[in-house]
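To start, I am sharing the structure in question, which I have written as C-alpha cells.
In order of appearance the chains are A, B, C, D, E, F, G, H, I and J, and numbering begins at 1 in each one.
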Amino acid sequence: MSDRKDVERLTHLGSEKTTYTFEYNPQLLETFDNNHPNRDYFVKFNCPEFTTLCPKTGQPDFATLYISYIPDKKMVESKSLKLYLFSFRNHGGFHEDAVNVILNDLVELMDPRYIEVWGKFTPRGGISIDPYVNYGRPNTKYEEMAEKRLLYHDMYPETIDNR
Amino acid sequence: MSDRKDVERLTHLGSEKTTYTFEYNPQLLETFDNNHPNRDYFVKFNCPEFTTLCPKTGQPDFATLYISYIPDKKMVESKSLKLYLFSFRNHGGFHEDAVNVILNDLVELMDPRYIEVWGKFTPRGGISIDPYVNYGRPNTKYEEMAEKRLLYHDMYPETIDNR
Amino acid sequence: MSDRKDVERLTHLGSEKTTYTFEYNPQLLETFDNNHPNRDYFVKFNCPEFTTLCPKTGQPDFATLYISYIPDKKMVESKSLKLYLFSFRNHGGFHEDAVNVILNDLVELMDPRYIEVWGKFTPRGGISIDPYVNYGRPNTKYEEMAEKRLLYHDMYPETIDNR
Amino acid sequence: MSDRKDVERLTHLGSEKTTYTFEYNPQLLETFDNNHPNRDYFVKFNCPEFTTLCPKTGQPDFATLYISYIPDKKMVESKSLKLYLFSFRNHGGFHEDAVNVILNDLVELMDPRYIEVWGKFTPRGGISIDPYVNYGRPNTKYEEMAEKRLLYHDMYPETIDNR
Amino acid sequence: MSDRKDVERLTHLGSEKTTYTFEYNPQLLETFDNNHPNRDYFVKFNCPEFTTLCPKTGQPDFATLYISYIPDKKMVESKSLKLYLFSFRNHGGFHEDAVNVILNDLVELMDPRYIEVWGKFTPRGGISIDPYVNYGRPNTKYEEMAEKRLLYHDMYPETIDNR
Amino acid sequence: MSDRKDVERLTHLGSEKTTYTFEYNPQLLETFDNNHPNRDYFVKFNCPEFTTLCPKTGQPDFATLYISYIPDKKMVESKSLKLYLFSFRNHGGFHEDAVNVILNDLVELMDPRYIEVWGKFTPRGGISIDPYVNYGRPNTKYEEMAEKRLLYHDMYPETIDNR
Amino acid sequence: MSDRKDVERLTHLGSEKTTYTFEYNPQLLETFDNNHPNRDYFVKFNCPEFTTLCPKTGQPDFATLYISYIPDKKMVESKSLKLYLFSFRNHGGFHEDAVNVILNDLVELMDPRYIEVWGKFTPRGGISIDPYVNYGRPNTKYEEMAEKRLLYHDMYPETIDNR
Amino acid sequence: MSDRKDVERLTHLGSEKTTYTFEYNPQLLETFDNNHPNRDYFVKFNCPEFTTLCPKTGQPDFATLYISYIPDKKMVESKSLKLYLFSFRNHGGFHEDAVNVILNDLVELMDPRYIEVWGKFTPRGGISIDPYVNYGRPNTKYEEMAEKRLLYHDMYPETIDNR
Amino acid sequence: MSDRKDVERLTHLGSEKTTYTFEYNPQLLETFDNNHPNRDYFVKFNCPEFTTLCPKTGQPDFATLYISYIPDKKMVESKSLKLYLFSFRNHGGFHEDAVNVILNDLVELMDPRYIEVWGKFTPRGGISIDPYVNYGRPNTKYEEMAEKRLLYHDMYPETIDNR
Amino acid sequence: MSDRKDVERLTHLGSEKTTYTFEYNPQLLETFDNNHPNRDYFVKFNCPEFTTLCPKTGQPDFATLYISYIPDKKMVESKSLKLYLFSFRNHGGFHEDAVNVILNDLVELMDPRYIEVWGKFTPRGGISIDPYVNYGRPNTKYEEMAEKRLLYHDMYPETIDNR
C-alpha cells in the first residue's frame, strides 16, 4: 500500500517467512526515513517479552524494556527491533550490559538526537534489578537533555513485592 | 438552548443525522470561539477508540489518543473531532505519521498556543509503540513550553505486559 | 462548639434545613476567615458529584472536579461550595465554560493567592473532555506560580478506556 | 516446523501476505484438529480489538470479546479467528446480534462441546452494554453446563465509571 | 441501514432532537424484538450516571446502576433506557425504592425471563448504601434462578474507603 | 417531601441538630417500613469509618464494616445506623464481639429475614483480624441461606500487605 | 478495662515486656473463651510478615499467611499468634510443611469447628509456591465443609508477574 | 537492647502500660537524637488512623495524614506521635486547622530543617477536603525548599469517586 | 540441614552448578515424599517466566502458568519444575499442547489426586489465548472434582486490553 | 561462561553452597567492574524482603528497600547485596539508622557517583515510617544532584491504609 522508497526497502515488515535468530545480532536492525525531521518528537517501544541468559550461571533472565527516543533522520523499524531483541534469547549477558549494548546499537544504527533504555528484570534471590541508560547527541542540547532526565530519573520507584 | 452565534454555526453538534466517513478527511473538523481568550488554560481530549490501518499490511491498528491544547481564538468542537478521528478508520498510516498528521491538522485548524498528541497503540509482535508530538506557537513562550514538556516527557513509563 | 465569629456567621453549616437550588447561583457561596494567613498552604476539594446540562442538547453531563487553592484572608466554606455546585444541576453550560465560571466565582469570592480547577467529564461519543484552568494573583509570585503549573500540567494523562 | 497435516492445511497461519476483509465473512474461519479429544479442557480467546458499526446510525462501536470453549474434534485457528473478527469492521450490527452471530458461526464451524461469548462494549450516551451468550451441545451434559454457567453468570459486575 | 420493522418503530434511537425529561416517567421506555428468543442469554447495562433526589432532604444522590436480564420476546432499547433513567434526575426517592421501581418498570415493559438491578450509591455521613433486587418469572425455572442468585449475592463486597 | 408516616416518625434524618453519643447505645437505632415486603432483596451498608477501643489496652481500633441484609417488615434508617456506629467510638470491645453485638442489635431491631456483618480491622503487631458473622431467621429457608453463605465465605481473601 | 477471667489470664496481651523467640515454639499460643459459641462465625487473621528458613539451603523465605477459622469453645489470642509466627523466624521448614504444622498446632490448641491456612510465598528461581490446607472436625458437617471448600479452592488464581 | 541515652529517656516506647488521652495534648510528643545530623534526609510517617470531631456539629471526621520532615538535631519518636495523634480523637477542629496545628507542634518540638503535613479526609456531603501545609526553617535554603515544594504541590490529584 | 532421605536424594535443590537444557525434557522432573498424605491439600506454582516457540513460525511465545495440585504420595520438587519449564525454551509447540503436555508429564511423575494447569499467553495479532486443563484420578472423587472445577471454570475473565 | 576477571573473583555468585549470616556484616559485600564507566547511568535494586529487629523491643520489623545508584568504577554484585541485607535479620536497629548504615556501607564499598536508599516499613501502632537517604560525591555535580533529588523527594506519597 505504501509507495515510500525507504519502506519498500525494509526486509522484515510484511515479509513472507521470517527466520528467528537467538544469538545476539545487531545486523538485524533496519531503519526507515523519519517523515517529520523538522520536529522533535518521541517514539517509545514497550517490550515486555525480553529474555536473555545469565552469563555466569546460564539461567534465563526476563525483563520488560522501555526504549524511548527522539529520531533524527532515521527511525528503527519495529519488526526489525523485535528480531534484534529476540537475538538475545540464548545469549549470555548481565542486566546492566544488556541495556548499555542495546542503547549503543541503536545509537550506532539511527544516530538519534536522544535515546533512553530502561530494563525492569524479574527477581533472583528476592532482589530485582532495573538498569536505566540514556544518551543525548554530544555537544547539542540533547546532551543536556540526557543529563537532566538522568538527574530526575525514577524518583517514584514503583511498588515491588515480588508477586 | 445556546444563543451563541459560533455555536449555532456548528454543523455536527446535535444534528439530525450524521454521516460517517472512513477515509481521512480533515475537512470534518469544525471550531467554535474561545470564550476565555484572556486566559491560558488546557483542554484535553481522551480518545480511546482510535483505529487505523497499517499502510504496509493493511491490518487494523488500535490506539488511545490523548490530545491536549491551550486554545487561542478558536477551539475544536468535540463531535467534529470524533468524526475526524473516525475518518482514519479505513485509512493506512504508520503510528508516528498518524499523531504528526493529527497535530498538523489541529494546528492548521485552530492556530492554538500550544498542543500535544500522544498515541498509545496496542502491540504487534509483542512490542507496542507510543509516539508523542507537541507544538508551541513559534517565537512565543509556548514554543519554549513545548521544548520543556518534551524534555521531561514520560519519565515514568506505564507498566506494560501486553495483557 | 466553636466560638469563632466568622464561623457562627455561616448560613449553611449545621443549619436546620437546607433548601437546594438547581439553577446556577454564585450567591450561595460563603466564606470564613483564614486562621493561618501568615503561611502559604493548599486546600483541595475533591468533588466527584458534579453534574450540569449540555447547552446545545440539554443532555446531562457528569464530571469530577478538583479545586485547589492557596487562601489569603478568606476561605470558601465547604457546605456552601456543595450548594453552589448543586446549582449547576439544571443549568446549561459547556465543559470549558463550567470550569472557567467556577474559577471566576471563587476568585471573586475569596480573592485567593492561587487557585486551580480541573474538570474530568464522562465521555460523549467515545471522547471525554478534561479542562483545566488556573489563576495566580496578578503581579505577585502567584501569577508566576500559575504559569509554571500550567507549563507542566498533566504530563502523565491517566489511562482512559471508557469503562 | 510442524509436520501435522491439519496444521499445514491452514491457509492463514504464517502465510506470505494476508488480505483483510472488512465485511462480515464467516468463510474466513478455519480449523485444525484437537490433539487431546479424550479430555475436556477450555481454550479462551481474549479479543480487545473488536469493532463494528451501529446498524441504525452507522457509528463505530468497540468491544472486548471473551470467547471460551471446550473443543470436540476441531479447534478454531486463532489467526483465522482474527481475520473473521476483522470482517465485522465495516459491517452493521447490534451488540446483542454480534455475540449471537459469532457464537452461531463458531458452533457451525467446530461443533464444540461447549462455548460462550461475552462482549463488553464502550458506552454510548453514558450507558454501556455487555451481552453474554453460551451454548452446550444439546442432549449432553454440556447443555446442562451451559444452563448452570448462565445461572451464575456475572454475579460480580466489574466497576464501571466510563473513564 | 437496518430494515427491521421493530427497529424503525423506535422513537429515540438516531432521532433528530431529543427532549429530556427530569421527572420520573416510565412511558419513556421502548422495546424492540429479541432476535434470538430460542436462547437464554444475558444483556447487562452499566449505568454510572444515575442521579436522583433524597425525598426527605431534597439533596442530590448519585449511583452506578447495573441492570442485567435474560430477554424473552422484547428487549429494552438502550437510548430509551437512558432517557428513562434521566427522568429520575429531579425526582425524589429512597435508594431502595429506586431500584425496586426500576425493576418493576422493566418487568412491566419487557416481561423478561429474569432481571436484576444493583445500585451502588455514594456515601452520606460516611455510609454508602447498595440495594440489590432481582426477579424471575413466577412458576418457571427463572424464579428459582432469582432465588439462587440472591442466595449467593455479593459474598465478596468490594473494598470501600469513601475516597 | 415525603408523606410517608413511618418516614416522618424518624428522629434523626434531616433533623436540625444532631447530638453525637460516643458510648455504646443501641437505642439510637430507628426503623422505617419496608415498601417491598413481598420481595426478597438485599440492602448493604458500607461503613469505612468505624472505630472503637481495645478493652484490654484502651487503644483505638479501626475497621471497615460491611452490613448486608434482607429486610422483612422493617428497615434500619441509615442516619440512625451512623449514630449507633459512632456510639462505639469511646467504648471498649474485642473485634469479634463488636460484629456479634452489631448483628444482635440489628436482629433485635428489625427482625430481618437474613443479615450478615463483616469487619475488616487494621493491623496491630503486623496482624489484622476480620470477623464475619451471619444470621438467618430460624426454621426458615433463610437459616439455610446463612449456613450456605458461611460455608463458602471468603474463599478468596483479599491481598493484605499492611501498606 | 476488661473484667473477663479468661482475658486476664492471657500472658502476652498488654504485657510489660515481651521476649521474642525465633525458634519454633507452639507453647507460645494462648486462648481465650469464645463469647458466642452458639453461633458459627469466621475469624480471619491476615499475616503478611511471616518468614522462615529453607531447610535445605538455610536461605530466608517470606510469605503472607491467611488463617481463617470457625471457633468452638476457645479462640486463639492474636498477640500470642504473632509470637508463635515469629518463632518460625530462624527455623528451617519447607513451605508445605509450614502451613500443615501451623494448622495442626491451631487444631491442637483450639479444637476449632473449621480452620484453613493459606500461604503465599515469594518466588525463588522465578516460581512461587502457595500451599493451602484446611480441616473440619471429623464426623461433623464441618468435615464436609472442608471438603467443599477444597473442591472449589482458588479457581481464580491472582495474577503473578514476580514484580 | 539499646544503650543510647536519649532512647532510654523515652517514656512511651516499650513501656509497660500506656494510658491514652483523647483530648488534644502536645505534651505527649517526645524526641530522640538524630544520629545522622551531618546529612539531609527525609523521614515520613504514614498515619491512616487519624480522627477528630467537627467543631461545629461534633460529628467525627477521619483522615489519613502524611507527615514528612528533614530532621536537624531532634527526631520525633513514633509511639509518642501516635499518642499525640490519638489525643485529637475527641477534640473539635476544622480540617485546615488540624494540619496547621500538627505542623506547628512538630516545629516547636523538633525545630526541623523542613517539614510538611498533608491531610486527606473522607467526604461530607459528597466533597472531601485535603489540606497541605509545609515549613522550611526561615532564612535557610529549607525555606526556599518549602516554597518550591508548594509551587509544584499535587499537580496530579488522585482519582476520587467517594467509593 | 534436613535429614530427610527423599530430600537428600534430590539432584537439583542446592546443587553446586546447574546445567540448563532448552529442549523439552521431562526427565528433569524430580519428586520428594509428601509428608502429609493423610490430608487433601493444594499446592500451587505461579510460573510467570514460561516461554516456548511457535511450531509453525518459530517465533517465541510467552505465558504465565498456574499449576495447582493435590498430592498423593509424591510431590514435584520446585527447582526441578523450574528446569523442566526452562526446557521448553527452544522447543516448538502450540499453546494448547504445552499445557496438555505439562499436565500429562506431572500426572505421570507424581500420580497426584488432582491437578490443573492454566496458561495465560501474550497476544499475537491482537488476540491472546488462555488454555486450561485439569485432571482427577479416574474413578475417584477427584475425577468428579475435575469435572466440577471445569464446569465453573473462569466465569469472570480478567480484563484484557493488550497493554 | 564469562571470562571477565572481576566476575570470576566474585565469591558468592554461582557458588556451590552459600552460608547465611544473620548478624550485621558489611564484609559480605563484593564488587565487580563497571563496564561502562564513561557513561552516567542508574542501577536500581528492588528489595522487598528486608527484615531487622527493633533495638528497643527486639520485635521483628519489615521493609521494602529501594536502592538506586550511578556507578563509578565499581558495582555491587547483587547476590552479595542479598547476603548483606540478610545479615540484618537478627540485628537490632532503628528504621532511620538502617537506611543510613546501608547507604554508608555502599558508599564505602563502591565509591559511587550518586546513591540513594529508600525504606518503606510496615506499621507499628497504626503508623509506618519511610526514611529516605541520598548521597552525591562531594564537590562534584553529583552532590548537587543529591540536593535536587532531596528537594523534590516524594511529593506524591503513595496511598497507605494499613491493609
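Here is the rule we use: a contact is a pair of C-beta atoms (placed from the backbone, for glycine too) under 8 Å apart; a residue touches a chain by one contact, two chains touch by 3 or more.
For reference, the UniProt names are A, B, C, D, E, F, G, H, I, J = NADPH-dependent 7-cyano-7-deazaguanine reductase.
Remember, predicted model here, so these are calculated numbers, not experimental data.
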If a chain touches subunit B and subunit G alike, it appears here: A, I
Relative orientation of copies subunit E and subunit I, as a Cα rotation angle in degrees, nearest 5: 145
Chain at maximum distance from subunit B, centres defined as averaged CA atoms: G
Chain centre separation (subunit D, subunit I; CA means) in Å: 27
Cα-centroid distance, subunit F relative to subunit H, in whole angstrom: 32
Chain centre separation (subunit G, subunit H; CA means) in Å: 35
Length of the line joining the C-alpha centres of subunit C and subunit D, rounded to whole Å: 46
Residues of subunit D whose C-beta touches two or more other chains: 14, 46, 48-49, 53, 57-60, 62, 122-126, 128, 152-154, 156, 158-163
Subunit G to subunit A touching residues, read off their complex: 59-60, 62, 120, 122-126, 128, 158, 160-163
Subunit B contact footprint on subunit A (complex, rising order): 1-2, 7, 10, 13-14, 35-36, 39-49, 64, 66, 68, 70, 75, 78-79, 81-82, 85, 118, 145, 148-149, 152-154, 156, 158
Subunit G-touching residues of subunit J, taken from the complex the two chains share: 18-20, 22, 46, 48-49, 51, 53, 57-60, 62, 86, 89-90, 122, 163
Touching residues on subunit J, where the partner in the complex is subunit H: 55-58, 92, 96-97, 99-100, 123-135, 147, 150-157, 159-162
